[in-house]
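In the two complexes that follow, chain A is the common piece, with chain B as its partner first and chain C second.
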Partner chain A sequence: MEVFCCCIKNEEDHVSPDDIQLQTQTSDIQAEQDDVLDVLYRCVNSLVILYSHRTLITNSIVEENLTPSILNCLNNRLFVQLSIEFLRQNITSDKINIRSIFFLFTCLDYSTLSTISISLLPSINHIFHIWCDIPKKSDEEISLLIVCLIRFLNQLALEDKDAIIRENICTYLLPHFDLLCQTSNLIDDLTSLIITLCSTRNGKQYLRQLGFVQFILYEVKRHVQLWHPLGLLITQHDFYETSFLKRLIHLLILRTTNIFQSLTTASNDTSFDSISPSSRNQVTITAIEWFVLLRTHFLSFSTIVDELINSTKKVHLINMLIETILSIEQDEDIQPKLIEVMIELLWTFTFSSSTNVHDSLQKHTDLCRWLKSNLNASLPNIRLPSQTILSMLDLNTKIPSKHFPFVFFILINSNF
Partner chain B sequence: MCRLGVFFLLLFLSSLCVHTHKGEYKEKYLSILLFTSITYIMNEIRQLCTTSSSPAKHLDEILALFHACPPQHLLASLSLIGQSISCMSIEQLDLNIINHPIFLLIRQWSERLLQLWLNNGTLNGDEYRAIFYIHQLFKLLSEWLIEQDNRILNTTNDKSIDEIMKNLFLDENFLQTLSRVIDQLIHNENDQPFTELVSFKIYEIQKIDWKFFVVA
Partner chain C sequence: MSLPRNILICLLNADASYHELCIKLRDRLQIEQQYSVELIVTPTCQSIDSLIHLINRSSICLFCSSTRMKNDNLSHFIYYYLSLQIYQIPLLAVLLEHDLEFDGNWLENISLIDIPSILKEIRRYLNPQISLPQQIHSHKSTDDEILNPSDNYMQRSVCYWSSDDVNQWCETTQAHFESLRPLVMRLNGPALVHLAEILSIEPASMYHSLNDELLQRTGSTVPLTEYVSLRSELQRLLVEKQNESMTIELHSKKKKWKNSRFCTIL
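Up next is the complex of A and B:
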C-alpha cells in the first residue's frame, strides 16, 4: 500500500494528507479509535457545511431528517459545557476539544441559516450569562462563539422577537457593549438585532428599560450604524436629562457638518484623480441616508429642531445647510435626490417657531433666488418644498395664499 | 479504453491458465496473473489520478477501472480517487467533475462507510483512509460552493449547481445515516469525563481556517 506514502503536496488552506499520519503498513489492523472519531467528526462537519448550502437547507427532506439532529446536538449539555470551556480558555489551549468545538460552530451556523428553533434560547442564555462574568481586557477580541451567537440571535429575532424579550438575553449585551461594537462584522448584526426588536412597541420598551439608549449614545460617535437604532429608541423623556440632550445635539451637529464637508469636498473636487466616481457616489448615498434619517427620526422632536437651530456657538447649522445646497446645486453631476432631501431638510427647519431660522433664510438672497428658479423645476419634490419655503417667508407673491394648504397637503403625502 | 483492454486481456490469460495448466502450476500462474492484473489496475488508477495533468479528463476511465476492481481493493482505489480529486484546486473543480457519476459513487460509498462504523463501532485502516479522503473531497466541494456563491450572479450556472447538489445529496437514507452518526458521536463525547478533554492532534492549531467555518 505504498500508494499512501506518496502524499501529494496540497495548497496551504487545505488540510493536506500530510497532516494525518497514515499507518501505511497496517491496512488490516483496526485503525486507532481516536483517529477514527477524528475523521468521522471531520466528515460529518463537512457534510453539515454542505447541507447548509441554500439549495439543500431549505428543502423539506433535509429539514425533517437532519435539522432535528443538529438541534438535538446543540441542546445537548455538551454544547453548553464546551462553549463555556471555549470562552474561558484561550483558543490555543490544549484542553479545548477542537473537533467538537468545530462541529458545534458548524451546527450553530447551520441553525442560523435554517428554520430556527427557539428551544436553543435557554442554553444560549446560560452561555451569555457565564460570558458576562468572565473578566475582559479593554482591547480583548470578542470570542468567535459570541459573534456566532449574536448572529444567531439576529436571525431568530426576525422570526420571534418575543422569545428573545422573554428570555431577557439582551441584558447580557450591555456590560461589554463597547467591546461588541468594536468587533469587526459584529456591529451590523448588533444594529440589525436592535432595529428588529424596536419594530414592536413591546421590544422598544424592553430595550429602553434596559438602558440601551445611553449605551448606544456613547458608541454612536465611533459606529455610525448605531444612529438608526438610536433614532428608533429615543423619546421625549430622554431630553429631560440635560447631559443626554447636550451630547445628542453635539453628536448630531458633528455628524451633519461632517456630511456637509464631505459633500462640498466631493463636489468641488474637479480633478479626476483625487476622487473616483464610485467614492463620490458613496458620499452622496451616505448623505442622502443621513438626511433622511435625521429628518424622519430626530427632527420629529421639536426640542431637537430648536436646539439644532439655536446652538450657533461653534457652527451655524442652518447657514451651513444653505451654503452646502447652493454649493452642490452648481454641480451638474449631482443626483437630484440629494437636492430633494436637502430642501426637505431645510423645509423641516422652517417650521420651527425660532426666529433664527427665518433670519438665516432671509439673509441668503442667493437662496431665495435659487428657490424661485426652482418653481419651474420639473421634479415636484424640488418644486413644492421650494414653493412652501418661499411662501413661508412671504417672499413669493406668485402663490396665492389659498393654494397653500393644498401644497402643504401634497408635501405631507410625498414625504411619508 | 485501451487500458481496460489490457486488463481484460490479462484476465483472459489468467482464465486460459486455468484450462491449460494442471496441478501446482495452475495455482501459481493464476495467482501471478491475477496479481499482475490487480497491480495493473491500481497502477493505472494511480497514474491517471496523480501523474496526468488533470484527473478530470480521465474520470470515465477511472470509473471503469474502479468497477473492474476486485472487492478487496475497492477501498484502496476509492481512497486513491478521493485523494486525487480532493487535491485539485478550487479553480480546477468544475460542474462537469461534480456532475460525473463518480461523484455520486463516492457519496454512496461514504454512506456505506458511515453505516459500517455505526454497526461495528470501529473502522479498519482501509475504511479509515477512504473516509478520510472522502471527507477531503466534501471539504473541497463546500469551499467550491462558497466560492461560487461569492461570484457575480450567474443564474444558469446557479441552477445547474442547485440541481447537481440536489441529485447528489437529497437522499433520505443518507440523511438518516448522517443524523445517526451525529447522534452517536455526541453520545460518545458525552460519555467521556469532561475534565479529560484531549487535544485534537491532527489539527495543527495554526492551520485551522476559522474564517471558512464562519462563512459557512
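Up next is the complex of A and C:
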C-alpha cells in the first residue's frame, strides 16, 4: 500500500498486512492489548484507504465523517504510547510489536495526506519531549520515527508557522542538533523548516531566542545548506559577541576562498579528461548561488564587509576576488551572470571605509584596465558597477576629500 | 501658504514590487503638493551620468526602504555620493516594510520616516520655519494614509521613530538625563534601540565612552545618576513598547518564552 511504502521504503524487510495477521495468530503474549491495537490499526488503515480513494475525493463524507474519525484515533493516547515504545526500543531489549510500527507510520502517513493535521501537534510535542530525555550515544542513529516527524513538521510549517511556534516544538531539535544534521537526507528538511519559520518576524525572533544562531554556526562548516538559514537569522546584535563574529568571518572566508579556487581550477583546466562540461556548469551554479547568498544576507552588514577586508592574516580575500575575476573573464564559455555577481561583490566592498580595499584595487592595474574596457559594455549590470568603482578609486587616491563631489561629477561625465 | 516651486524631489526605489506604491506617492507629491518628483527605479537604471545629473538638481532625496534596497548597490552609491557633497541635501528613508531591520546596514545612517509622515518631514526639511501640526491637519481631508499622518509617536514602535520623536520623548522624561540629551537627541528610533542594547550589554564601558564624547562635544561630564536614569528610562520605554507589541501581535496567546531579553525581541 502506498501510504506504508513511503515511510518504510528504506527498510529491507518490507512487511505486508498479511504478515501482521500471521503474527497475531502466532503471538499470544499481551493478547488483550494486542487486540485493541489490532482493531485500532485496522480501523485507521481502512479509513486512510477510504480517505485516499479517488471516488471519495470530492465527496462530503470525507470531510464530515472520515477525517474526524481518523483524528479521533490519532489523538488517542495510544499514538504517543506506541511512539515512545518505538523510540525506546533501541535502548531496551524489547522489540516493539510490528503492528505498532504499522500503526505509527500509518498515522504519520495519514497526517501528511490530511490538511487538518495541525491538531496532532500536542502529541508530536510530547513525543519529542520524551525523545530528548532518552539517553543517546554519540554514534547513535536518529530514530526513523523522529526523521519522519521532522519531515512532517516541515510540511506543517508551510500550513501554519504560528502553530509550530506556539507548541515550541523546535526547542527539542537543539539538544541533538548535530546528530540531526548528520542524519542522511534530513539536513534539507531541517534547513527548509528553519527557512519557512524565518519568513515571519515572529518566527525569526522565536528561533533566535532558542539560540539556533549559535547551533547553526557550529554546524555550518560541515553542512553548507545551513548558510541560508544562518543568513536569515543573524542580526547586528550577534556581532557584539567577539567569538561569534570571529568564527563567522573565518567560515565565510573559508567558504568563499574554496569557491574561488574551484572556479579558477575549472576555468584554467582545458584538458579533455579532467573536468566535464556538466561539472564545470555545476561549479559555476554553486559559485553564483554562494555569491548571491553572501551579498544578500551577509554583506548587507557593514561590519562583515569591513571584517572580510581587514582579515588578511591567512588569505587576502579582495586580492583573491580580483584575481578570480580576471582569471575567469578570459574564459569564453563563462556565464555572464557569474561575472555580474562577482563585480557586484567587488562594488559592495568599495563602499567600505577601510582604506585597504582601495589600496588593493588600485594596485591591480590589470583590474582597472578591465573595468575601463567595460565602460561600453552592453550589460548595465557590468557597465554601471565598472564605472562607479573606477570613479570611487580615482577619487579616493588622487583627489583631496573636500573637492570630492565636484571632481567626482566631472569624472563621471567625462567617462574618464 | 505659497506653493513650492522649483523643488525637485528624488524618489528612489529598488524593488519593483513597490512600484505602484511609489507611483502613488509621486503623484500625490506632484499633483497635490506641486513638487517636481523624479521616481528612479534603480534596477532599471541605464546611465550613471543622467542619474548624477538628476540628483545634483534635487532638493531632497527619498529612499524607499525595503529589503531589496538594503542590498542595492546603486542606491548605496547615491547615498555615498550625496553624503560627500559639500552642501548636503536632506536624505530620508521612507519605510515600506514594517518588519525591516536596518541595524548594521548603510540605510541606518539615514533619518527614518514612515509613509504617513512624508509630507510633514519634507516640509520640515525644506522649510524649518513652518508650523507643522496645523498644516498637517489642513490636509486631513482625504482618508488615504499618506495624507493622514499619525502625530503621536508613542503609538508607533520605537524602531519607526524619527529623531524628532526621540526629541519629544526626551522632553517627556522631564530632564532625568539632561546632561546626556545633546547625545541622545541626535538619534532616531533604531539608533535609540541600538543604544539601549549596548547600554544593557556594556554598562560600564559605555559610561566612559559617553563621558568622553560629551566632554569632547560640550566640555562637561556625565553625572553617574543621570547615566543611570537614562538606562532605566530606556529600559522602561522598550519594555513598555515590547509589552504593547506583544499584546497586539499575540493578543491572548500564551507566551512560551519567559526569560526573553528585551533587546532581542525589539
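Methods note: the second predicted complex is superposed on the first by the 309 of 416 C-alpha atoms of A that agree within 3 Å, B and C clash if a C-alpha of one lies under 4 Å from a C-alpha of the other, contacts with A are read in each partner's own complex, and residues count from 1 in each chain.
Keep this in mind: a residue touches a chain if its C-beta (ideal position, glycine included) is under 8 Å from a C-beta of that chain, and two chains touch if they have at least 3 such contacts.
All figures in this text were calculated on a predicted structure; none of them were measured in a lab.
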(request) Please work out whether A:Glu344 is in contact with chain B alone, chain C alone, both, or neither, and reply first, second, both or neither. (result) second
(request) Check the residue A:Ser302 against both partner chains and state whether it touches chain B (first), chain C (second), both, or neither. (result) second
(request) Would you sort A:Pro380 into first (chain B), second (chain C), both or neither based on which partner it touches? (result) second
(request) Determine, for the superposed model, which of the two partners chain B and chain C contacts more residues of chain A. (result) B
(message) So in the superposed three-chain picture, is A:Arg42 touching just chain B, just chain C, both, or none of them (first/second/both/neither)?
(response) first
(request) Pick one for A:His223: touches chain B only (first), chain C only (second), both, or neither. (result) neither
(request) Go through the superposed model and pick first if A:Lys136 touches only chain B, second if only chain C, both, or neither. (result) neither
(message) On the A-aligned overlay, A:Leu50 touches which partner chain: chain B = first, chain C = second, or both, or neither?
(response) first
(request) Considering only the touch criterion stated at the top, classify A:Arg255 as touching first (chain B), second (chain C), both, or neither. (result) neither
(request) Please write out, lowest number first, the residues of chain A touched by both chain B and chain C across the two complexes. (result) none
(message) Which stretch or stretches of chain A touch chain C in the complex?
(response) 165-166, 168, 200-202, 205-206, 208-209, 235-237, 239-240, 295-296, 299-303, 344, 347-348, 351, 380, 384-385, 387-388, 392, 401-402, 404-406, 408-409, 412-413
(request) Within their complex, state which residues of chain B touch chain A. (result) 42, 46, 50, 76, 79-80, 83-84, 86-87, 89, 110, 114, 117, 122-129, 131-136, 138-142, 145, 149, 161-162, 165-166, 169-170, 172, 175-176, 178-179, 181-183, 185-186, 188-190, 194, 197-200, 202-205, 207-210, 212-214, 216
(message) Under the definition above, what is the set of chain A residues touching chain B in their complex?
(response) 1, 3-4, 6, 8, 10-11, 13-15, 17, 19-20, 22-23, 26-31, 33-44, 46-56, 59, 61-62, 65-66, 68-70, 72-73, 76-78, 81, 85, 91-92, 94-100, 102-103, 105-106, 109, 144, 147-148
(request) Going by the contact rule at the top, pick out the chain C residues touching chain A in the complex. (result) 45-46, 48-49, 52-53, 56, 70-71, 73-74, 76-77, 80-81, 84-86, 99, 101, 103-106, 194, 197-198, 201, 249, 253-254, 256-257, 260, 263-265
